Amino acid sequence: MSRIFERISTAVLEGDDEESASLVHKALDKGETAADILNEGLLVGMSEVGVRFKAGDMFVPEVLMSADAMQAGMRILRPLLVAGGVKLIGKVMLGTVEGDLHDIGKNLVGMMCEGVGFEVIDIGFDVSPADFVAAVKEHQPDIVGMSAMLTTTMRAMGHTIKALTEAGLRDKVKVIVGGAPVDAAFAKKIEADGYGSNAPAGSDLAKELVGAA
Amino acid sequence: MQVRKTNYLVNATPTLQVLTEDEIEAIYFSALRVLSETGVRVYEPEGVELAYSHGAIVENADEKSSLVKIPSWMVDRARATLPHRVTVVGPPDRNGKRNYVMDLFKNQIYYGTGSDTPFTLDPYTGERRRATYKDVKNFAKLAQALPNIDFFMSLGITQDTAVGTYDRWQYLAMLEGTNKPINITAVDIEGLKDQLEMAYIRLGGKTEWKKGPAFSLYIEPVSPLSHSEEVVQKLLFCCDNDIPFVYTPCPLAGATAPCTLAGTAVQALTESLFGIVLSQLRKPGAQVIIGGLMSNMDMKTSVYCYGSPEMALLSAAYTDITKWLGVPEYETAGCSDTKLFDEQALMEATFNITTAGLIGGNMIHDVGYIEQGLTSCPEMLVASNEIIDRVKRILRGIPVTDDTVALDVMDEVGPGGHYLAHDHTYNRFKTEIWRPTLTDRRDYNDWTKAGSKTYQERVHERMIELLEADVEPLMDEAMFKELHRICELADERHKDEELDVQMFV
Amino acid sequence: MSDILETISTAVIEGDVDEMVDLTEDALDEGLSAQEILDNGLMAGMDYVGVEFKAGNMFVPEVLRSAKAMQTAMDILKPLLVESGAPMVGKVLLATVKGDLHDIGKNLVGMMCEGAGFEVKDIGKDIEPEAFVAAVKEFEPDVVGMSALLTTTMRMMGHTIKALEEAGLRDRVKVMIGGAPVTQAFADEIGADGYASNAATAADLAKTFVSAA
Amino acid sequence: MRTNYVINSGVRFSMFSQDQLEEMFWGVLHLLEYTGLDVMHDEAREILKGAGAWVEGKRVRLPSYLVKKSLQMAPRSFTLFARDGNPKHNIKIGPGRAHFGPGPTCTHFIDPETMERRPYTKADVPLVAKMVDALPNIDFCESLGTVGDVHYDLGALYEFAGMFPNTSKPIVAWSYDKFDSAGIHEIAVAEAGGQEAFEHRPNYVHYCEPLSPLVSTFEAIDKLIFAARHRIPLIFTPCPIAGGTAPITGAGIITQGAAESWMGLTLAQALQPGLPFFMGGVYSVMDMNTMILAYGAPELPLFMAGLTELAHYAGLPLWQTGGCTDSKTFDGQAMIEGSMSVFFSALTGGDLCHDVGYTESAMTGSLFQLCAMDEAIGYARRITRGIEVTDETLAVDVIKAVGPNGHYLKQPQTRKLFKTEFWYPNLIDRQDFESWDMSGRLTMKDRTIARVRDILATHRPSAVKPETHKVIEKVLEEAEDRVKDKK
């Protein structure tokens, strides 16, 4: 493996976004392809981050710094990858459902998804089913992630899925759900495609659903 | 002659202080800065208008919300009418007596349960599952039987009743099990109205409510600095209807609040102060209790810690602040991050129950919580009752008098003697020595002979015993039917909502 | 049961030391025999105390008070019982062994034994094997109880038993031992007749010794 | 800038007012002056008499000026040193600092492999020392048991010989008599590099226990004299039982126990002015039903907290008690009782808190209890550290930067402080339910067992000097020789 890739993955691991961006530029100058930089540099770093986090050796703020470093590189690479016809891992759209203002969990999932290479669109909190539908039409995500903190607002997840079905969009996206009162049984009941019990589980699930796991 | 002591200060109990008055002031004035310079976001036009018309600055309005900045003088004015004491009185027993009074003011402690966990551990199988009406009733029955549980909150969301109306059913389940003061939750204003009507019926009229409200309402603004439509509506309704309410944000240090504990306290206070200002504008003298649930995000697992030392410490610090402010405090204790009733549950509960008792937090809730507040555990409630009892022994302190210093007794017994048969011992052993109920102090032989039961096993047995005990119904059939009718009518109104009924079972 | 006996047993249970002399005299005046008063008044009360204590409803200071009440009556009854030739429950000799000044446990055993109707001779603490032998000769107890709180002084129990053997007294007494570091295994090893893990069991053990004898 | 204000460094806990402390202090002096103690040691009575005490037979009464003079001579602040010079293992005794360690003399031990309760043996000593050496919140070492498989007279010596090479944290040495004490001292001095070096940097503390009520036993005094003459920091710690060997009231037991300690103090200071001296020790109640000395009773932390304040009022460091339980097994009761007592120890800043790891009312030592209490101490220390209030921590600017509905996860302040502001547990589990479920549904007991076994398998304490090993062998040989004729 090229030395530059190792340095990129180290920059990601250390959460150094400036270093990561400048190394990506340097790699491109050296003639490395965007796809190689992504796969052998950035993603290698992030997968080590994932391993360390799960082992309890890295902490949330550090993971988020790494995700930032990854994104700093991705911002440079994304246009090149698109131009080169390389298929990106995918797009995740996230929102907290109608009636619910709690969005720290959703924010975390977003950052974790960015960390594994997704493009993330966050449509905020207190999002009505109709707004979800409109946003899916606009952004055409691969994954729709919904979050709810209350049992009373949980049901809005069901309503949103129903709205997607009625708009004929349900087949075009995978729907994942999460939040304190949610569990796998509920996800199944409202016919979501998956449930994540915490933020890393959410991003793992997203990867799995786009076939990148 | 025996002269009585004069000019002599006594620590009547052990004392604990997290923050000095100077530190409290530093936090308070910081909160005033945040409230006036950063402001809070309010999602209820009536609340925005109320604040605006009394001097608040309103900016950055969008279709849903406005940024409201409160000048410090408005806080000073609100504090002038803010009650220092709030009282909640449980419903009457069969003889018409309202025995359980929660009198909340500086340094008074009352322990109670937490509310609305989606899950519960089944009392018989220990399996984690969605909570039901029966569970809430069971928990209320346990709380009723446990002498150190002073108020009740629904240890479980009733999820075998309709989602849109669960709060009425939950209140009914609670009323079936206990006549201790209750801290309710409400789905929305309609749910709150229904529950208030139920309370009037249970008490025998609105006048009884005025003599002493039978419940308080739990209201939770969202951190950071956000006050939703429903939250503000509930607050205004409570002011209008003499309902005491708990205005308690749940900031999470490092995630929805600053990583520093002092910063988290500043933000929480800002959020609570907004509730205080709004309530006193709506109705001077409106009864507010502020909290409360402040903790840190565990940066390894990203969970909201309910058992961390930071939670206990922040709660205690906030109690110092509320004492200075002169407003009753909604403390937190008796809870853990464990997933089952194990050693961890009891270690964490011991620390937070002790801290809350020492600091003198008023309405100490969440007894019975495990798993970051997502699951209720009946054994945890029963065990905490005994831990609270232990702490109360310590809180009685060490009186220093001629009688307790006992120089004469020591002289009488002398070197090498003993005190077992002395009157000084005989007359005091029942009050001086705490007597356990679940704790085992037998020697190894006797303990082995009795089956080598662990603490958890003994607690489980005791819990089942309490659960299966025959008790008189707390209200007569007619009243129960009347209350039941309100719940049914609510269901009737919501019957067309999708995914509402039988959502989980 | 006659009223006066019931009153006596209640007074024992309540530890009413002050009343005991009057009550005992009254009972004798009524023509009851010392034996009757002992069996159906005092012992009936103490039996109840024993049951309640084991059930956790009575406490050490109360039991001691009851034992004291019983002893107060016994001071009157004893000469009469001796006169009538009625057999006493038995005699217990107690001491803490040489080198050990801890005697709270032994004191407790003594008071519990008194409560069970024994005549108790406490020869104190730091007692040499030779002093034990002398006391056994003088007092002629049925049961000898030894206590030690330290592992270093425990072995003095063995030495004392040996001294009793050498003096030819071992067969005339039952030896029971106790104290924090003592175990049944140790009791077996040094040839004691029994081991008690606490004061209440010690009194029970002493009773089984004399009833078996 | 803000001026003229007061902050708390750590939380503030207090049992008594100054008036109450003063009253109790004079109560102790009164007891020593009027009732006095029986001192069962001829030489000690002579020394005390020479210092100004009134002696009448065995009874010794101390005029209060003498006790006050002795209190003044004893230091409040000093350092106990790690034998290997590791500064992290030093213990700085002084205001506001609580330290923790195990206790001595349990007859039984929980076998780390089988989890069975069995007699404590020589082979267990190094295990205890290793655990102490590895656990971050355990500061000093005791053996957690009485060695049962060596000659009765030599248990204490074998304990020290087993502990000393296996931890560099300061040791508290218990002994039967002055012969043990001499052997122990020889080992410690060898490692320190001579008596004078030892006096400058003492690496162990000597422990003696008088008898309640109000008796200074021969052995306790004999050992005290040895320690004082060799300038070994000293713990003089009675174990009064409220309602049994002491008054049932808190103020009464504290007064009596303090008098018992201060008789030792007066003697020690008469022999060796300025000798570091800890008063102690285990103050609890007798359970009036089971008749045990309750190591898990709430009165224990209560009495100990009161005693700590009295000690500090008098200017002495305290030998505290905590982390112990009446439970017979590793269960919730053990956690409740142990956690509560270490918490109060930490709150009062009682200087050396011992008996961490005791179960079954001090009858059985347990590494599992010790390990779990290490967690509880960590927890307690986070609480007692309190909340730092400064312009930076008040974070008004950070709150402003984040604003309503934002989050703090990426704030530079969060990144800078999240490791120090929050405590991270070793045994407490904070996973969400699904993660916990998938990782094997372990209880805290399971995790504690795993941690104990992991430490025993992997931890390597620093070594003692090679010559110290030789001294240890020599001391043990000589001791065996001394007792070989005794049965």
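Letters A, B, C and D name the chains as they come in the text, with residue numbers starting at 1 for each one.
In this text, a residue touches a chain if its C-beta (ideal position, glycine included) is under 8 Å from a C-beta of that chain, and two chains touch if they have at least 3 such contacts.
Just so you know, these numbers come straight off a predicted model, no measurement behind them.
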Chain whose average C-alpha position is farthest from chain C's own: A
Pair exhibiting more inter-chain C-beta contacts, C-D or A-D: C-D
Centre-of-Cα separation between chain C and chain A, whole angstrom: 79
Inter-chain centre distance, chain C versus chain D - centres from mean C-alpha coordinates, in Å: 39
Chain centre separation (chain A, chain D; CA means) in Å: 52
Chain B and chain D: spacing of chain centres that average the CA atoms, whole Å: 36
Residue list for chain A, restricted to those that touch at least two other chains: 59-61, 101, 104, 108, 198
For chain B, residues contacting two or more additional chains: 119, 222, 226, 254-256, 299-301, 303, 372, 374, 416, 418, 420, 425, 429, 443-444, 446
Overlap residues in chain D, where contacts from two or more other chains coincide: 211, 215, 243-245, 286, 288-290, 292, 363, 405, 407, 409, 414, 418-419, 432-433, 435
Graph class of chain-chain contacts, one of line, ring, star, complete, other: other
All chain pairs that touch each other: A-B, A-D, B-C, B-D, C-D
Residue ranges of chain D touching chain C (in the complex, touch as defined): 40, 105, 107, 146, 148, 152-153, 155, 176, 211, 215, 217, 241, 243-245, 286, 288-292, 362-363, 487
Chain B contact footprint on chain C (complex, rising order): 59-62, 64-65, 68, 101, 103-104, 107-108, 111, 125, 197-198, 201
Sites on chain B touched by chain A in the complex: 43, 64, 116, 118-119, 157, 159, 163-164, 166, 187, 222, 226, 228, 230, 252, 254-256, 297, 299-303, 372-374, 498-500, 503-504
Parts of chain A lying in touch with chain B, wherever the complex brings them together: 53, 56, 59-61, 99, 101-102, 104, 108, 126, 151-152, 154-155, 158-159, 162, 180-181, 183, 185-186, 189-190, 198-200
List of chain D residues in touch with chain A within their complex: 405, 407, 409-410, 414-415, 418-419, 432-435
